[in-house]
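Chain nomenclature is as follows: A, B, C, D, E and F, assigned in order of appearance, with residue numbering initiated at 1 for each chain independently.
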Amino acid sequence: MANRVAVYRKEHFNAAHRLHNPSLPQDENQRLFGKCNLPNYHGHNYELILKVTGEIDPRTGYVVDTKILSNLVNEHVISKFDHRNLNLDVPEFSNLNPTAENIAIVIFNILRPLLSEQLDLQIRLYETPRNFVEYPTS
Amino acid sequence: MANRVAVYRKEHFNAAHRLHNPSLPQDENQRLFGKCNLPNYHGHNYELILKVTGEIDPRTGYVVDTKILSNLVNEHVISKFDHRNLNLDVPEFSNLNPTAENIAIVIFNILRPLLSEQLDLQIRLYETPRNFVEYPTS
Amino acid sequence: MANRVAVYRKEHFNAAHRLHNPSLPQDENQRLFGKCNLPNYHGHNYELILKVTGEIDPRTGYVVDTKILSNLVNEHVISKFDHRNLNLDVPEFSNLNPTAENIAIVIFNILRPLLSEQLDLQIRLYETPRNFVEYPTS
Amino acid sequence: MANRVAVYRKEHFNAAHRLHNPSLPQDENQRLFGKCNLPNYHGHNYELILKVTGEIDPRTGYVVDTKILSNLVNEHVISKFDHRNLNLDVPEFSNLNPTAENIAIVIFNILRPLLSEQLDLQIRLYETPRNFVEYPTS
Amino acid sequence: MANRVAVYRKEHFNAAHRLHNPSLPQDENQRLFGKCNLPNYHGHNYELILKVTGEIDPRTGYVVDTKILSNLVNEHVISKFDHRNLNLDVPEFSNLNPTAENIAIVIFNILRPLLSEQLDLQIRLYETPRNFVEYPTS
Amino acid sequence: MANRVAVYRKEHFNAAHRLHNPSLPQDENQRLFGKCNLPNYHGHNYELILKVTGEIDPRTGYVVDTKILSNLVNEHVISKFDHRNLNLDVPEFSNLNPTAENIAIVIFNILRPLLSEQLDLQIRLYETPRNFVEYPTS
């Protein structure tokens, strides 16, 4: 494992969302999520960082070509999330509260099967410059 | 005018919006605004920078106390825009397309009457780190 | 452990300090700490990032509410450190050199007992954008 | 004036200060400056940006060599302000409240005589990423 | 002029260059440009910010569509400068030293004729986060 | 291991490079590396972050003095890489493709023997703000 290198690629998307658990009464949603629960949505410039860890291919000097990685995440994630309403437009959140934690797991679950099993994947998602999450984590 | 100093204060708010001119047909809206016109809204982490220019008060060494400036913009702008849908929740945009340009002018028009006439005010608004506007400008 | 997520929250405080070990002679302090040992203090805009790792609560979609986390760190750390002199005003440093390393450990020791045992805590502290530390670390 | 170009150079220094006007009673200082008036000082990572405007020298393609500009500001400003207490260690503030506004003017007055009269100089000083000033300004 | 708004759009390109004036002897080049004159080139991540100032179009709420602006700069500037050697690959610099000042003027001269005369254009170019230029400037 | 702290130090260098594997035919190089393979080089502002992990020295409160760390990396890495062409001027890349992955490993191999065995070292290298790597990694 001595020569494993992590490669990071940063992307972004702009989306609307609100935090809401439809299985809870509205006053409990209001108590739990405060202004994040307001009915007409708000939004964020999400910054998404993929971390892909593996061994260097001696032919290329790459663990993974960040251009290919960028194309992959744009085709399978950004094109579906960018300029959308996560609650209304992205099927994965029709029954899942779009917290940063859950968005990160959804993105991981989309991308994980598309990468070689010899590569590890970790997602970091910035909802704002001050609030961000990482998945998976040890 | 030799001792005029500009004081900047940065604030932020998170909001949803869509670009749409209701007086135009929908296909023209789609052509003009592309994915920014999608019906269910998207959103941004807006960064707002106030520039207030004036002479230094010799008692304080301040042109303006940035704490007071921050309170002013939080009371009159941030509390109304943050975690809201600009199109639906902010009356100023009920008939005005919430482009960055128009949002900057609306914020200027809210704050200008609240500041001393001896102070100049300029608004810079970042919709994303790559798209931003400034008003007024010479 | 499959669904553990790390949640990060960024806060800041501005403080004065100097590096000085009172148990060493002054010329040794000067040799070890250089201009950081100057007698009248200097200061920094400290950026503090909390990393809290745990399982997602299925009711909320949160590992931890960053609002609650922010309130906690403001009440127990920021209110005591911000706009203070770490050497003179913060009892933890009356006999402890306020290096970034030691400040991070002090903050960890304040916050650790206030969080659920099921959550892991890590502190990252930026003294400047170019010098920063992390504790604990494996 | 068609070919005038502005050249910017960014430097930084770390310093302690407190806001205090010794000609005012202490309760007035406390009211005006709040926690910035606390007696034992606090501090900042100041970011300083010089803007030097002039015509391009056709031999070099430079308005001014940023290396020379950096040396100049390091010799005459940074070496005197960095890791110091502005109130106690910098003679210019022995009778001048070290607000960001006043620090910017002091730096301008130090550097202005050291630059060719054919060059314009403007100072931008960041006390924090959210509070900054500019001098002179029209 | 009351309703003029400035719209900013940020782009980037990565390029190699060296500073060299072929009409001067080599020892003078070495003296003037130091390590920037080394023969085998070095390089930068250039950040380019366009500022376009004009009146808001009441139909769109835009001064200029930043998407159109981005396409324009990508077609006419980025595609020619990105991943190139400015001295060897960009004809404008075959007899012009590629200082940040000169690169900014070259970009301005490419884009100015492509924009409506009712719009003002200003270029800001970051060679590094600490060295940047602006053209034209008053 | 309870009191291990990681200390980070950020440095930077500007260099030219191209991606090219001389043991492969040119059309394969072109296919693999695209515009990064263009013959006349391009370049980057590389940001380099050292992470050094160890126990705090109770005399100093430091794991490692970041000033000493900075001097070390400047003497052994920055002075050799900065303002150079990695392919032509840095012997380590005469037979090694200067991808970010390989540059990080080269820097690690230079610095590792210069640090105490009781300290762990990790390299993070930013080729651009959106593409970066880390070595070693678990």
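Keep this in mind: a contact is a pair of C-beta atoms (placed from the backbone, for glycine too) under 8 Å apart; a residue touches a chain by one contact, two chains touch by 3 or more.
Because the structure is a prediction, the values reported are computed rather than measured.
Chemist: Going by the stated contact rule, which chains contact subunit D and subunit F alike?
Modeler: C, E
Chemist: Treat each pair of touching chains as one step and give the shortest count from subunit A to subunit F.
Modeler: Steps on the shortest route: 1.
Chemist: Could you work out which chain's C-alpha centre is the most distant one from the centre of subunit D?
Modeler: A
Chemist: What's the chain with its C-alpha centre farthest out from subunit F?
Modeler: The most remote chain is B.
Chemist: Between 0 and 180 degrees, and as a multiple of 5, what angle does the rotation take that fits subunit C onto subunit F by Cα atoms?
Modeler: The two chains, subunit C and subunit F, differ by a rotation of 120 degrees.
Chemist: Where the CA atoms of subunit C average out and where those of subunit D average out, how many Å apart are those spots?
Modeler: 29
Chemist: Listing for subunit A: what residues touch at least two other chains?
Modeler: Residues 129.
Chemist: Please list each pair of chains that are touching.
Modeler: Those chain pairs which touch are A-B, A-C, A-F, B-D, B-E, C-D, C-F, D-E, E-F.
Chemist: Spell out the residues on subunit A that touch subunit C in their complex, using ranges where they run on.
Modeler: 19, 21, 24, 32-34, 96-102, 104-105, 129-138
Chemist: For the complex, which residues does subunit A have touching subunit F?
Modeler: Residues 1-11, 53, 56, 59-63, 65-67 of subunit A touch subunit F in their complex.
Chemist: Which residues of subunit D touch subunit C in their complex?
Modeler: The touching residues are 12, 14-17, 35-36, 38, 40-45, 82-85, 88-89, 128-129.
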